[in-house]
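Have a look at this one before I ask anything.
Chain lettering (A, B, C, D and E) follows the sequence in which the chains are written, and residue indices restart at 1 in each chain.
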Amino acid sequence: ASQAPTSTEAPASPAAGASPASGELTKITYGTNWYAQAEHGGFYQAVATGLYKDAGLDVTISMGGPQVNGTQLLMGGAIDFFMGYAADAIKAVEEGIPKVTVAAIFQKDPQILMAHPGTADSLEDLKGRPIFISSSANVTYWPFLRAKFGFTDDQKRPYNFNPGPFLQDKQTAQQGYLSSEPLAIKKEGGFDPVVFLMADYGYEPYSTTIECKRELVESNPDLVQRFVDASIKGWYSYLYGDPSPGNELIKKDNPEMTDEQIAYGIEKMKEYGIVDSGDAQVKGIGAMTEERWKSFYDTMAAEGVFKPETDYTQAYTLQFVNKGPDAYKV
Amino acid sequence: MNTPAAFTLSDVSKVYSNGTVALHNLDLTVHEGQFVSLLGPSGCGKSTVLRMVAGLGKMSSGNLYWGSSSQRKLAYVFQEAALMPWATVEDNVALPLKLAGLSKSAAREAVQEAIALVALQGFEKAYPRELSGGMRMRVSIARALVTKPEILLMDEPFGALDEMTRSKLNSDLLNLWGQKQWTVVFVTHNIYEAVYLSNRVVVMAARPGRVVADVAIAAPYPRTEEFRTTPLFNDYCRDISNSLSRAAGQTAALHPSDSVSASVVNQPA
Amino acid sequence: MNTPAAFTLSDVSKVYSNGTVALHNLDLTVHEGQFVSLLGPSGCGKSTVLRMVAGLGKMSSGNLYWGSSSQRKLAYVFQEAALMPWATVEDNVALPLKLAGLSKSAAREAVQEAIALVALQGFEKAYPRELSGGMRMRVSIARALVTKPEILLMDEPFGALDEMTRSKLNSDLLNLWGQKQWTVVFVTHNIYEAVYLSNRVVVMAARPGRVVADVAIAAPYPRTEEFRTTPLFNDYCRDISNSLSRAAGQTAALHPSDSVSASVVNQPA
Amino acid sequence: MDNLFDVPRQPEASAPSSESGQPSQLQRLLSPDILAPILVGLLMLALWELGVRLTNTPPYILPGPILVLQTLVREWGTLFPSLLITMKITLFAFLAAVVSGLLVSVLFTQSKWIERSFFPYAVILQTTPIVAIAPLIILWVRQLVPGTASTFVSLVICAWLVAFFPILSNTTLGLNSADHNLINLFQLYRASRWQTLRYLRLPSALPYFLGGLRISGGLALIGAVVAEFVAGTGGTSSGLAYQILISSFNLQIPRMFAALLLTTVLGILIFVLLTMLSDRLLRHWHESAVRREN
Amino acid sequence: MDNLFDVPRQPEASAPSSESGQPSQLQRLLSPDILAPILVGLLMLALWELGVRLTNTPPYILPGPILVLQTLVREWGTLFPSLLITMKITLFAFLAAVVSGLLVSVLFTQSKWIERSFFPYAVILQTTPIVAIAPLIILWVRQLVPGTASTFVSLVICAWLVAFFPILSNTTLGLNSADHNLINLFQLYRASRWQTLRYLRLPSALPYFLGGLRISGGLALIGAVVAEFVAGTGGTSSGLAYQILISSFNLQIPRMFAALLLTTVLGILIFVLLTMLSDRLLRHWHESAVRREN
């Protein structure tokens, strides 16, 4: 990995101060959920600026992709930490899969629906109109939309990460990622789509979380803590410092990523407070709360996505986060 | 007293693509109603002559002229049985009729007759792999006879048959020929058979294939088994046998066309 | 004065799975060094006998006993040429040697010799499809002779050959046989050939296949062309021809085993 | 002399030991032909179970077959209807592939020119990732077939794309492999193109064609599954692919394997049926199916 | 009498009109055999362009070939390295499929029992959606092949799964189709199993095997693409699948089609090469490749 300028400060967090001095770096693999992009920026920044190294970690970031099954890779030991999703974490509890969310980088899920300009003012307006959604939506936000806005299954159209069909038909809507599809559509389709951030409509899962096996939390909490802390520091550095070291790594992993796209991504993350809003502003990036987990669980359980008897508290631990923004100052 | 020509091969050469000269400037006129036997050493081009007459494969040079009949009325017994392995005896024999557009029921009688002719009753439903070599050849003969052809080309049809079946088929063939006035070209290695059956025997020499003797067999039809014991019969046989020996010798001649003109060319009765 | 038995077929029956009774309680002992010709109507089971001797396919009942030699030293000329289409003449002939583990160079001379024997020099590199029917059969003969077998089974090997080649191969075969004391079982439809070549002629009748005559040909070897013109030769031919006619008649007999015992069973010289 | 040959063959059953007539249905089911593969199947399942137990693999990585079967039984109510839908798509795509493959290969053998010119491009159908062209197919189909049938048609087309080429390729090869002597014979009797095709080329091509079917049968199935991955929308009319995906998203790995097991069984079934068909059609004459006695 | 036959055959070239020796390289390239398919290809491209222009289809739905080619030229620097990577995976998977398919089919023909018992299960490899088992493959491979090679191996395995079955199926059929007379001959001369295989069954199976290759060549390619979708690579070691997906995601549809064009061309190339190989190996004897003169 490129040796970006490292911080001169001594280790800030007491928990993390244990082993870096020994000089032996622990090899860690972090699996993301997609090709490298601005939404993964903090982690790349932590690699690029040596934050992980300072925490005694040698981190490799392994990109995900459209059909890569991260949970199995995590549980099988191919990766040590995985970029997870709150809904998925609760499902894991239901299936008895011992993985735990240890930090939530995104306070808001960047999942959006888009429509052609002038065809909709709010999500309700999409009722009855064809919507391109990917198959995973069936187990995440689609049941929510169905219940809350009366969407029906015959509106569904398959979305395979090609927005062409959406452009073709003005009456359609399409799912997207806040910082990706709208830009592509603006560039290639020549217009700004109307964007509905689902987090603003009551769909509030944590996303871009850090998950690991329960076993690791129990056997080596120190390692987990070091990874979480360094990652959060990476995010602060990425959002508020100079993101270019991280961006270089992103472009290296994903050569098709452009500076324009990255800049757009960072801008949108800031504009919508994806990372640093709400609880995170008080408790620091990565923050999670009981209440938020509960409200998400309750909302989705009411729609039948989760079983009523699920012990959703198994899905996370607050042990590694909520230390306040100051704790992560580099 | 010749009947009109059924077909004429004029100055025909055939060079296969690997360079083998199978036929070289061959001339042969066969007249309507003739029964011509073709003899010659193995590999001399007898089958090639039949293939040219049947229009299978291009000649390298030369021409084929037809008289009043034509290639359309032709049947051909190949040297190999060439049966369809997926079809029963019956269906194999019925093939030419089916190709001519006859319905199955219309064909049935002719097929039965042809199968009886080659004595394969009881094997109508058998598949070729269930037959002996000779039986397979007989199916092939039945397939050729079933069409009642005007011109019949037969490439060693009886080579794989025992003497009894052979002489039965010989006389059957002569009977049919006598009735229908077919034109027959008959390849055989059996000199006795050739003399017994034909009114003309053509002897070929090998590489390049060409005609070296053309003997008219001036004996009246119908021919009985006694004909085989006449001195005339024996004379013809000896004559042809000599031609064959000479043909074998001539193969090495440097200018084959010279020796062709030197050979006895008789006109058929 | 019999030599020891080369092999004995004892009470052998063969019923093919479609119900055809190809052989019925057939007994046949062939002695070492004998040249046995097998005659019989088409489809009577001659090929089946050879297949049983060669161990190809199970007998339905009965046994095959071997003398001092064995199936291992056997060569077989099939009724069809059965050449490998992807191999040249040379490679086809060399096959048995290759299978016996001989190196290519060690085999070369024997292959050349065998090819020369059937007069196919110049065609070593040709593929089977480039050969005439008779030439293909000769390749097959060469393939059998190349191994210098102790026991030679030949199923109508010369049926597709002209008289010249045939008589040449006849005398070549006799020469070889005289030198090596092979045991030969030879299927043919040519009575003259059978008598000329063999010291024993076995006549079979059809369905169910069985032996109806077993004639010793008591003439000394080496046999010359003159032998063909002796009265003895003609007597044998007539005798066998009669047996064949009777065999054809007997096929319809209701109790075939009765008629078998009534036929003349000679012991070989 | 005519009666020299006329001892009629008895038209008996072709099993050598069929003295007591046809074997009973039960006997046939218990024959080693059927038992052996079943035993092997059971053995593989046992090994799988054992492997899972010995290595202590958790069910969310790889469930053992017992768990999978239990899940299958439990989820039968949702999985079986999906199976039927996948089967329907598979069947339609397969039939379409058979018909079109046959027709195009026949077209190809009508002229070397056509074959040379178009055959290489037929391979495009096979090498284009369905994911990439699914949107186009869906758009086009929607214009031609409005309404709810349109998704089904799109799925069938996607699956057909996958199954088409092997049939085309094998059948073309087969049609070109007709015996030369027989071709001559047909030429001689002035057989029309259609007759040569019908009575000579098609029978000659049969073994190759059936071989192509065996390959394409499985491909039609996997094509149906993949098609549903990319073009399916889920909901009540969704097939096994949807169940696999959803189970995977929901981390219900045993359920995913139960769905996989169904596709697998369906695939094996298709294969076995096609093999039986092949044996039946070829047993009288083709070396690959004939039981030789010598 | 020996010299009856000994006029030697002249070993001339087999082209009938080759009086002036071999045709020159240029002549050969300009021969109708090569020109016809190229013309057809150009014609199809022209029709495509025309269709796109006439219907006014926007490039983000279906770009015309001219635009695609322009994009291809422009993006050559990024697409070509990806092509090489996909090619590498394809090649390895194809070779693995050829070797394994051949070996297993040989095993199958050693005993009817083995074939009956295992053949139906081989179809599982083909009918299991790679998506579902990719994680398992990745996990297993990671345990066996640590380090960076592991991803590559996983990809090759996934692609191999797709390409394996057609070769197995066709070759098995071919090995079982050896001429019965020749089998008898080999039996007679006590040929060992290995000899029968080497000198009889394998040559007999060659046309079928080569037919299988033609099918599997394309499948290996599509398998490589699909494998990349499910097993995930990125960065500098990513193949065409990545380019297709990212282009599609970024709505750079002409670029996506440029990448598709590359897979297509690669597919056609594989097909043409295998067809040439087939013609070369069979031209002396198999009906499908021999040029008959009568």
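Definition applied: a residue touches a chain if its C-beta (ideal position, glycine included) is under 8 Å from a C-beta of that chain, and two chains touch if they have at least 3 such contacts.
Please read all numbers here as calculations on a predicted model, not as lab measurements.
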Report summary line: Skipping chain D, the chains still linked by touching group as one piece
Requested in this report: Taking each chain's centre as the mean of its C-alpha atoms, give the chain farthest from chain B.
Outcome: A
Report summary line: Rounded to the nearest Å, the gap between Cα centres of chain C and chain D is 48
**Report entry** Rounded Å distance, chain D centre to chain E centre (Cα mean)
**Finding:** 20
**Report entry** Residues of chain A touching at least two other chains
**Finding:** 69, 72, 76, 160, 162, 164-165, 168
**Report entry** Junction residues of chain D, two or more chains touched
**Finding:** 1, 4-5, 7, 9, 11, 61, 131-132, 139, 179-180, 184, 229, 245, 248, 286, 290, 292, 294
Query raised in the report: Among the residues of chain C, which ones contact at least 2 other chains?
Result: 16, 18, 20, 41, 43, 51, 56, 80, 126, 129, 164-165, 248
Query raised in the report: Where on chain D does chain A make contact in their complex?
Result: 58-61, 131-132, 134-135, 138-139, 148, 229-236, 242, 245-246, 248-253
Query - chain D to chain E touching residues, read off their complex - result: 32-33, 36-37, 39-41, 44, 61-62, 113, 116-121, 123-124, 126-129, 131-133, 136, 139, 165-166, 169-170, 173, 176-180, 183-184, 207-208, 211, 214-215, 218-219, 221-222, 225-226, 229, 241, 244-245, 248, 256, 260, 263-264, 266-268, 270-272, 275, 286-288, 290, 292, 294
Report task. Show which residues of chain A lie in contact with chain D when the two form their complex. Result -> 69, 71-72, 75-76, 88, 91-92, 94-97, 135-136, 138-139, 153-154, 156-158, 160, 162, 164-165, 168
Report summary line: In the complex, the residues of chain E that touch chain C are 1-2, 4-9, 11, 179, 181-182, 184-191, 195, 199-200, 203, 206, 284-286, 290
Query raised in the report: Quick one: in the complex, what on chain B touches chain D?
Result: 51, 54-56, 72, 74-76, 78, 80, 82, 84-87, 95-96, 98-100, 116, 119-123, 125-129, 147, 164-165, 168
